[in-house]
Every structure is written in C-alpha cells, then in structure tokens.
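Next up: some structures, all given as structure tokens.
Across the two complexes that follow, chain A remains constant while its partner is chain B and subsequently chain C.
And then the complex of A and B:
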C-alpha cells in the first residue's frame, strides 16, 4: 500500500474501524457494563486458603516483578486470575482424561500423568514448598526476602527442589504458565488489570480488524480494547 | 436393548468437511441422508461472533472448540516396548468436535499434493531404485493418480473458495505461481491474499536466492465470493484470530460458510448432534454394514439402520471405529500383516526465528493462510539418492497471529521469568518473524494404531493406542531443510537468529503443539492385503462402508492435508453416485 493510500484509509479506519465493526457485529449493550473487578488487597479468594493466597501473591510478584518498565503480576491482578482458574474448569481438570492407572514417573514427553488436578497440585505443592522453606530458611515462602524467594523459585524451576506431593505435576510450570496467562488474558478473567500488559507490549487486544494494516511496516497507533468494549 | 430409528439410505458419521460434502452430494442424488455428529451444533452466530471469539485464553489456550480428552482421547507410546499412556490433555495435535469439526478452527492452508506424492513408492523405485527405501519404511502408492483427481481438486477449491495463484495452468508455467506444481485445469477462484510485512520480506529474499516464492493457497477469502452451492464468503480482515477460532467475519472456508446452510435447507437431509457413534454394526456374514449404534444426548443407545455408511469423522476416530467394529483385519506390526491401523504418519516440521530490532511486524495483523511459500526443496525437486532421505518440505513465512500468551517469540537465553523477561517482552514483541519448513513424514512398520489393552473411554470402549516415533530418514530431511532455511535467513541479516528442528535421536513429545495433520490408519491402495480401502475409499471387506479423510493417506504428503481430503471426498462420492448406487458391490 502506498503512503498516500495509507493516509487516506487511515482516517476512515480510525472513524469506522474499531467502534464501527463492533457495533455492526451484534454488540450487545450490556457488554459495555463494567465488570466488578475488586482491588487485589480486597479480593477474597474462591479457591485458595489464606496461606496459599499469600504464597500465590508472593510467588507471582517474583515471576513478574513490579520493578522496571511495565506492570508487575500484582499490578495486573494475576493472583485473582489464578484463583478463579483454580475454582473453575481448568483447576478441576474438567476437560482432561483423568482415569487411572496413573504413572507419575512416566517420561515427561508423554505429557501430564499426575492423578492430581491442577488445583490439587497447587494445594499439595504449596504446602510442601512452604514446609521446605520453613526447614531451610526458617519461614514460609511469602515471608522470605526477595533474593531468597528468587533462589527458591530458580531451584524449583531447575528441578533442584523436587516436590513429591504433586505426584508428577510440575508446580513451577503450572505457576509460570498460569501467571503469564493471567498477565495477558482478557481482563474479564480477573488479570491483565486495565489491559496494562497489552499496553506494555503493544498488543491491541480484541480489535480484530486490520485490513488497512496488511503489509504496513510502521508502529500500529491504537491502544487495546477488551472483549467488554473498554479501551485500555 | 437399543432403541431403533427409521432406516435411512445413508448415515454419515461426523459433520465436518467430508460429512458435509458427502451429505450435499448424496442429497443432490435424491437419497435420504442422516448425519450423526458427536459434538454440539455450531454456527458463526452465536458460537464465534465478534467480540466474544477474540478470546485467546478460552479458545487459543484452553481449547474451547476442540475435542475434550475427558470425552474422547487415545493413548500414546513411542515404540512397541513402551507402555502407552493417555493423552490426558491436548498438546501435540488438536482434533475438533462439534458441527464443522476441525474445519471450523483450521488456518485454511489448502494445497494440492505433488503428482509424485500420490505414487510415491513407484516414483522412488523408478527414479532412484528400490534399494534406497529402508526396510522398515512402508510407503505405498495411493491407488489413484493426480490426473484422475485433478477435477476433484478443482471442485473442492471452488466450493471452499480458495485464494491463490496458479503456477501451472494446463502445462503452461505462470509467473508468480508455483512452477513445480502439477498441471491445474483452472486458476484458483480468487486472487491471492495481500501479504504481511514478514511474508513480503521472505519473498524478496527468496527471489534474490533464485527461488520461486508464491502466495500460500488460502481458505481465507481475498474478495467477496459466491460458491457453486450459493454460499457466500466476505473478504478476510486479518483479525489475527484464525487457527483455533471460528471466523468472526465469514471469510474462512468451513463447512458452515461453504456448505451447511445450503445443505440444511434440503428436505432429505437431517443431522443429529450429541449423537456419538459407538460402532458400525455388520451383517452376520461381515460383508456389509446394517447401520450404526450411537448414544444420543440423553445417554440412550440407538440403532440407526442404513444402506450406506460413510465414516466422515476425524482420521483418528475413523480408525478407532473400524477397529471397534471389526472392519478390516487389524494391523500387526511384528508380521506386517493386517491393514486397519497400518501406516499412521504425522508431519515433520521445523523453523528458524529471525529477530530484527528495528522492524515493526505488527504480528496481530494476521490471517490463517497468510504467507509466501517456496517449493524449491519439495519432493519432486530433491535427488533422494544423493541427499540420503526420501521426502521434502515446503518452506514458508507469514504471520497468523500475535496473541501474546502463545505467540511471544523471544531470543534464546532470555530469562523465562523475572525482570529480564518483563523487559524482553517489550523489547521483542512485534520485532521477529519466522521461516518454517513443513515436511513429509514417511510411514513405517512400527508406527501404527491399535486398541489399548488398559484404558477405556466413558462408554467402556478401549481407547485407541498410537505407537509413533520420529525416524532417521525424516530427521535427515528436516536437517536438510534447516540448512537451506538458515542460508536464506542469514541473507536477510537479522540481529538474532535461532533454529528449532528435530535432530538425531529425537523422541516424539506429545506436549508442544506440532500439527493436527494426523494421517493413515485406514489407508487406500490397490491391493486388499496392503490397504484397508480401495482407490474409491471403499472398505475392501465391507462394501457399503466408505471412509473419508486423511486416514486414507498411505504416508504423509509434504503439504497440509485438507485440500487432498476434500478432493478425495469428491472423488469418492462421484464413484458412489455413478458406479456404486446403481449396483452396490465392491467397486474393485
């Protein structure tokens, strides 16, 4: 597309693109209603116990820390996302084949073979890790200093800390995957608060209409929208 | 005692691409057709309307439109000595369920195979000698050749509404298309899609290397289009939510956008959803089927009599149903005897990522079939004897999506978490592209499908068991492609470059997504002791059972399978209409 065409189309795109396509595609009025997103400090976990919640908050805060440019996991409300996931279908392995026999010692390439659901694996793994931190460092994970927390997470990631209670489920992999999901998923799931993670990287969210941008090699100028229609 | 329903002329198992094609063509023949679909009913509205479908977590990550392993899965092992374990959640491949099947959540890459691929064993023997074929490699000819199938490729491309550029029209080479393709009787029904930044840069670099880039044949409409069934597509808007999603824009070819609304209007067509077929019921002599038994939405078993049974489920499920129903002798990997479950194959892919810190790729501007392709290292361009492998790949580049949970490409050595990860995602998101190889996968004596001895499904039936591993031949092929792609990538001067290809000793890993191009297990061919189906996709043993889909591939082609699956469905239904219905019998 030539520069001249680009400018011409750009105006109509800005006028009609984002909002226009939404309205024409069966957008319902109530979808604009603000979802109630409690602040992290006021949030009452649905699944996690108070001790588990402290772990989730402390661990996600180290996996995506506040320091530096861009939101940390707590700014993005990642713990709320993880709690809701554990209370829902994912945490309960609702879609997974969970019939036995289970072989927790199976080769990793054969995939998840634990008899535990993700929610159960979190519960067992957090308790075991906290007990280990208590023994090794004199306090549960959430009460350790940043450097020690990072060292514990790095050891868990590297397999130097092995948790037997999760019966083959990898707590670190689950936690890291769910943390990134909560960072980048649509805000309706509780994380990515105010689309901060999308703004951080320049992902326009649910705009989903880029006809005028095919082959255009310059930064896309518009911020994100979420599925509820809110602009970031 | 199962409830019995009124007898139909035809019962179709599964309402995806091939079920819809067979339904339409057999209804047009005046037959009374019933399709049984195990999943939910689905349509553009409400199931994938905007904005709800633009939800990466629900559909991209949690597989909202895919088969749920709790309801249907299989077990997997890498060799005969390993204990197969259940594929408990999805990873390597993503079968669909529900109306439209995987045809609603694909990307839409719609290739024809090379003529040589359909007669692969003969091609290899003729050109390089039988002695280059490894002893355990069980490749076969398909029993049908390209010239016979050409009209049916053409038909499927016009029904599906494919955007592309011919490279060989009736033997004449056409500039800008694929010069290595077999002759086509007509061009694609729509011109190619416009291309994204990465795709254009790849094509420029490929041309400079003397290669022959062409736009990927796309089941994403580049224009408004009305197909021969009267179904309409609108131009793709590059929404960036294609594979794993239904199309919010009526642009992606699917059973819904290309066939079903027209089919549902026919008075002689009926479909039932949440109707999972458990078994094909055979007559006492085992030479014909009486119908099928299914479980309805209320959990009640139903016997559905029919004169003609079409298995049109996904590749894995067609083979599972045949094994459960006793159609064809089960394959024995130790003796090489038997046919049902034989020659399971997959796809041998790899890729190189290129990072450019000063280029804005805008990766969220994507279409499922966006991209340029070169076939300069395709099956008919390689000297198998000289290179030491049998096979080939197409090489391509073009962004499909920039969804950040899954599509966050970062340089090797970037921390997986912490402050380093957080700064890297800002630095690198939108500043990389990739070049991929999409390669053939040969069939082998020890890669096959049978019934698992231990694990059962929710109906108490044995799960199917997959035995599959990578073999040296295909690894040599993908390593060859690595060399060619890295040369090409280097010529583009990226700031950072990194490759991911299988290397010697690679074990099949079910965890990362690879491709949903599972093939074989109910293969077609010209000899009843070597294939489950004859050249018309008719069971050799049970003549009123025809089996559609990629389960018929004797080994995998280097291309995405759907174009071939569609053409074979039109080829088979033509034989049913013209030859079988007037005189039902084994056609060969």
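And then the complex of A and C:
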C-alpha cells in the first residue's frame, strides 16, 4: 500500500506546478477578510537587531510610502517579510554557490559576487550607512527627515554613496528587490498584509483559472484568495 | 426436582452439547468443484495472473513490507484484522499447506488446524474459483513466492468477535455452493461473470451487507447484487442499475477506468486506487473485454468485440465532449444555473460557490466536467453524489492520487485542502458540489467533516 500512502500538501503542489496567471482587473472590498496577523509594531524581529529594524522600517517606508496611491510598505508589513527572509534560506544564501572567487567587477550575468550572505550584507551595510548618516547629517538614517532620507537613498541608488563593508553586494538593490517581494508575495511569508497589495492592483491571487474571463472587456470582480485560502 | 426444572436442565445440557460440537468437531471442507489429473500444471505465469486478478498482494502485504508477508491492518466494524503471512515459509507462512488445506482457506475460510478465518478474507467470493485457478494459485504461492519467516501480527478482536467458532454459524448462513455457475450461453459473458464474482471479488465491496454482514448479493441471481456498499466512510458505488457507471458509460470508458484508473468522466480514489494499480491493470485484453461486456450486459447494454476496445491509452473518452480542446472551443457555452453563478465571479455569491472558485475551479472548471483522463468530472460523479459523503470529504481533506498503470503511468494527483479549509468551509464546499449542476445530494455538515478530519488519512 506504499503507493497509496501519501499526503500532498498544497504548498508543495503549488511549488511543483507553475501557477501564474496575472490579470489586470478591478478591485473588490474585503468581503471575507479574516486575517489575524500581529500588527507591525508588535512584531519581534527574528534576524534584525533593534537598530537595524528601525532602518528597515524607515527605508521601506520611503521606497513605498503610505501617502502614495495604494497601501504603503508598512501597511503591507514589508519589514516583517524582509526580516523572515533574512532569517531564512535567502538571507543565508542557503542554496547559492558561495565559495570564491568573488569579483565585484564581474559582469552581472555571472551572478552575486559578495562573500557575504544577503543577511550579512544588510548587517554590514546598515551599520556603515548609519555611521555615514551620523557623520554627514548628525543622526542615524531612521531619525532623518523625509527629504534627507530620500536624498540618502537616491545617492545610494546612484552609486554616489559607496559602501565598502558589503564587499560587492549592493544594499540598495537588495533592499528594493526585497521590498517589492514583500509587497507582492503571498501573505504566508509575512508581507502583503491582508492581501493589500493584491487588492490594490486587482491581482486575484492563487485562484489560477479565469477561462471565462479571457477576452471579456470588463474588470474581473472577485477579490483575491491567498495560498492559505484566506479571502481578501 | 419438578418437571420444569428437568426440562431446563435437559435443554441446557443439549445446548452445551451442541456448542461443544460446533466448537470441537472439525468443520468439513469443500471438495474440489472439478477433478483434475494429479499431474495437472497450469500454464506458465497463470498462477501469478490469477494472484493479480484476485489482488492477494494488496491485503497480504504491509505498507513497505515484504510481499505476501501479511501485517496489513484491515479495519472492520468489529475491530482491526491483521492480514496473515501467505509466503511459503513453513512456520510463519503457508509452506506447510497441502493443496486441500489451501483450497479450504480459499473456499471455506478454514486454516489447517480448523481455525476459522475472519471473512475479511473474501472466501465468500473465492469459493467461486475454478479448480484450475486454485491449482495455479497454489503452485504460484508454493514455488514462485519468496518465503518470509516473520510472523504477522495476531488479530485480537474484543469479545464476542474473538470467539472464532461463531464464524462457523455465520458460514452456514452466508456461504452458497462452491464453484461458479455458467448462467449464459455465451463464453464471454460467463468468463466476465466468473471474473467479477469470483477472482475479482467485486461484490465484497460493491454489494451491500445484509443483517449478518454477509454480502447481500454474490451473483447476478441475487437481488442486491453489486447494488453498492460502504467501506469505512467510503461508498463503493453501485455497478448495477440506472445511473450506475456500467449503465452510463461507454465500453471504452468503463475499460479505461478499470485498467488505467481514469477516463473521460472520472478517476479512481480510495481503495479502488490500489485495485486498479495492483490488480485490474494486469487483466488481459480478453479478460477486460469479458468483464466490461458482462457488467454492461447485466445493465442491458450490448458491447462489440474486443477489437473495438484496444487503444485505451489514446482513445479513452473520445466519445465524451469534455476534452480540453472541446471545452476551449465551446467556451461560450455558459448555460446552466451553477455554471452562470461561477462564471459571474460575483463577490456576492454564496460561500460554497466562492470556495469552489478559490479551490476547485482551476482543474474542475465552472461546468464541473473537468478534463478527460486528467481531472475527474464532479457533475454526476458517483463519489460526489453518494449518500455516503465520506469519500468526497476525505478526498477534499487529503487529496487523491491515481495509480500508475502500464497504459497510463502518470500518477496524477489532487492536493489535499484540509489545511486550507475549516470544517465549516469544507462542509459548505462539499454541499455546493453535491448540489451543483445536475447533482442533487444531501448537504454535508461541519460535524461530518470534523469526524473525518479527526479520523485522519486512511488511503
């Protein structure tokens, strides 16, 4: 009976098969909202120290600000996603080739070149950037005003601020990439709180079949569903 | 002593004597139904073939255990019955069995020392075996199976079911004549009936049980024959009468279901998964044709020759209209109340319909017809609409996986939704599919789901 003895769980099933259909469509109210995730302010970081956490909260808040169109990074709990990500396989480069040589000047297609894991790169980079802000602006990044925060991030993005401690890892690129991931990933990973980002863009989530709506010239009306089955 | 007391004492003594006779006088064993020459030898491979069709291995092999060494738990209404070691090991297996001993186990459910087997061993059905097949099976087990000197766990039922002598009384009531009568003037029908009733022991699950838990119908002469049964929480659907699969499906679809576990309407789940994977897929084309022809015949359908049923891997379900290509070309066909409700994606729809869209629609589609050979149809599906909703609930909770067969090797699977749906949600969803499209079955309650969730995964 070994053949019949199995249990598939939904997550591995989804991972095994590509389920990716994105439809630009309408946005419906939270008819069945039932989420009970702790609020951002109650969250105890798994990886980041208190100072690093303040930086992550402040920086993601500037990358996707709350006063824009749609939920901000903090509404969507993006910092929680990044903290869990750094505590997990991605942060620890668990399945990357991390032996040398590391060549910071190598072409991009040769991949990640820092000897530091992403989690280590965040740790080193945040410390160096905070020290730099202290010297230049008299306070760590999280305590600067919005305009100065934006200027620091813009300079980091443009390469005008170069961090040597990350040893070839680009802190800004990591931060922007992980912020987007935390904004749009399934809520099971800590971000996209109550499917706020999906609701905003009208992405219907893990439903995967819209055959009747192909070629229909009106917005898809039904709100999203996440991998755990919650309805947004 | 007065007269009355004398009478009571006499009856008591008589009762004790009868009981003693029942317990201590050896049960008689059924003789061979035909005599074969002593040097009879079955064709090469025939013993293994009969073993496959009789599906001995499925019950007599533990999960991950050595073949035929027993130790698989068979759940019965009376407790757990452990299957026995039937390898030719002289101590722990059946190595010491003579041919007559072996036949007595198959026909009468009696071990050489007179111990009665529990009727979890379908000797009610194996009694129908021809002597040629008994001999072939015996030779196979004695000469082709590797002995395993491990004792299978002892079955230990609670009183009174541990009093095995009681089975003797049951046997008197439950067992008919040995052998299988040829009821037809047609060799194909007779062969099909023999395979269905005897070797294949279909009635063990697909006939209801009567008040003494005997099969209510063992052959086509019995009224409840193949009228559907219940195994644990699962339904074994009716194979007889209006709306049953042999009555509704084409010969090709029926053959495809039995030999590959899938067709244009449905896919196997539960116990039938291993029946197809370990037994029916090994049936020869002729025998599959005979079984299909017979099952259709008793439902008033005629079937062409075997040459019309040869390309099961590619042709199965060509007569159906629910292939993916056909469905795509008819995308505009959104008639029907259930279809329209689902296609509307209206946020105000009832919870059951919303859950169907969120969880089921990607594969089973708004028309509930699935896709042939891949996704079972839910509209009209026997498991979905059965009075026994346990099978449906179990599949939603834990998923299901098709067997791998020679003709269709892919073990296509449905994931379990037990961790995605609460008991209440699953009940709403199950009720929706039981009442959607043309389905008209009873509602499922959250308590039904909670009970099966607590019972855990059994298949």
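Definition applied: the second predicted complex is superposed on the first by the 192 of 232 C-alpha atoms of A that agree within 3 Å, B and C clash if a C-alpha of one lies under 4 Å from a C-alpha of the other, contacts with A are read in each partner's own complex, and residues count from 1 in each chain.
The criterion applied here is as follows: contacts are C-beta pairs under 8 Å (C-beta built on N, C-alpha and C of every residue); 3 or more make two chains touch, one makes a residue touch a chain.
No experiment lies behind these values; they were computed from the predicted model shown.
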Quiz item: Once the shared chain is lined up, is A:53 touching chain B (first), chain C (second), both, or neither of them?
Solution: neither
Quiz item: Now for A:209: first (chain B), second (chain C), both, or neither, which partner does it touch?
Solution: both
Quiz item: Where does A:181 make contact in the superposed view: on chain B (first), on chain C (second), on both, or on neither?
Solution: first
Practice problem: Give the label of whichever partner, chain B or chain C, reaches more residues of chain A. | Solution: B
Practice problem: Determine, under the contact definition given at the top, whether A:219 touches first (chain B), second (chain C), both, or neither. | Solution: first
Quiz item: Touch check for A:141: first (chain B), second (chain C), both, or neither?
Solution: neither
Exercise. Based on the superposed arrangement, let me know which partner A:63 touches: chain B (first), chain C (second), both, or neither?
Key: first
Exercise. Tell me which partner A:122 touches in the superposition: chain B (first), chain C (second), both or neither.
Key: neither
Quiz item: Thinking of the overlay built on chain A, is A:229 touched by chain B (first), by chain C (second), by both, or by neither?
Solution: both
Exercise. Would you mind listing the overlap between the chain B footprint and the chain C footprint on chain A?
Key: 31, 206-209, 211, 213-214, 220, 225, 227, 229
Quiz prompt | Residue ranges of chain A in contact with chain B within the complex | solution = 21-22, 25-27, 31, 62-65, 67-70, 72, 89-90, 93-99, 101, 103, 106-113, 150, 153, 157, 176, 179-181, 184-186, 189, 197-198, 200-211, 213-220, 225, 227, 229
Exercise. Under the touch definition given earlier, write down the residues of chain A that touch chain C in their complex.
Key: 1-10, 13, 19, 28-29, 31-32, 206-209, 211-214, 220-223, 225, 227-229, 231
Self-check item: chain C to chain A touching residues, read off their complex
Solution: 58, 61-64, 72, 273-274, 277-278, 328, 331, 334, 343-348, 351, 354, 357-359, 361-363, 365-366, 398-399, 401, 403-404, 413-417, 419-421, 425, 457, 459
Practice problem: Flag every residue of chain B that touches chain A in the complex, lowest number first. | Solution: 45, 49-52, 54-57, 61-63, 68-70, 73, 76-78, 83, 85-89, 91, 193-197, 200, 235-241, 248, 359-362, 364-365, 402-405, 408, 416-419, 421-423, 425-426, 429-430, 454-456, 507-511
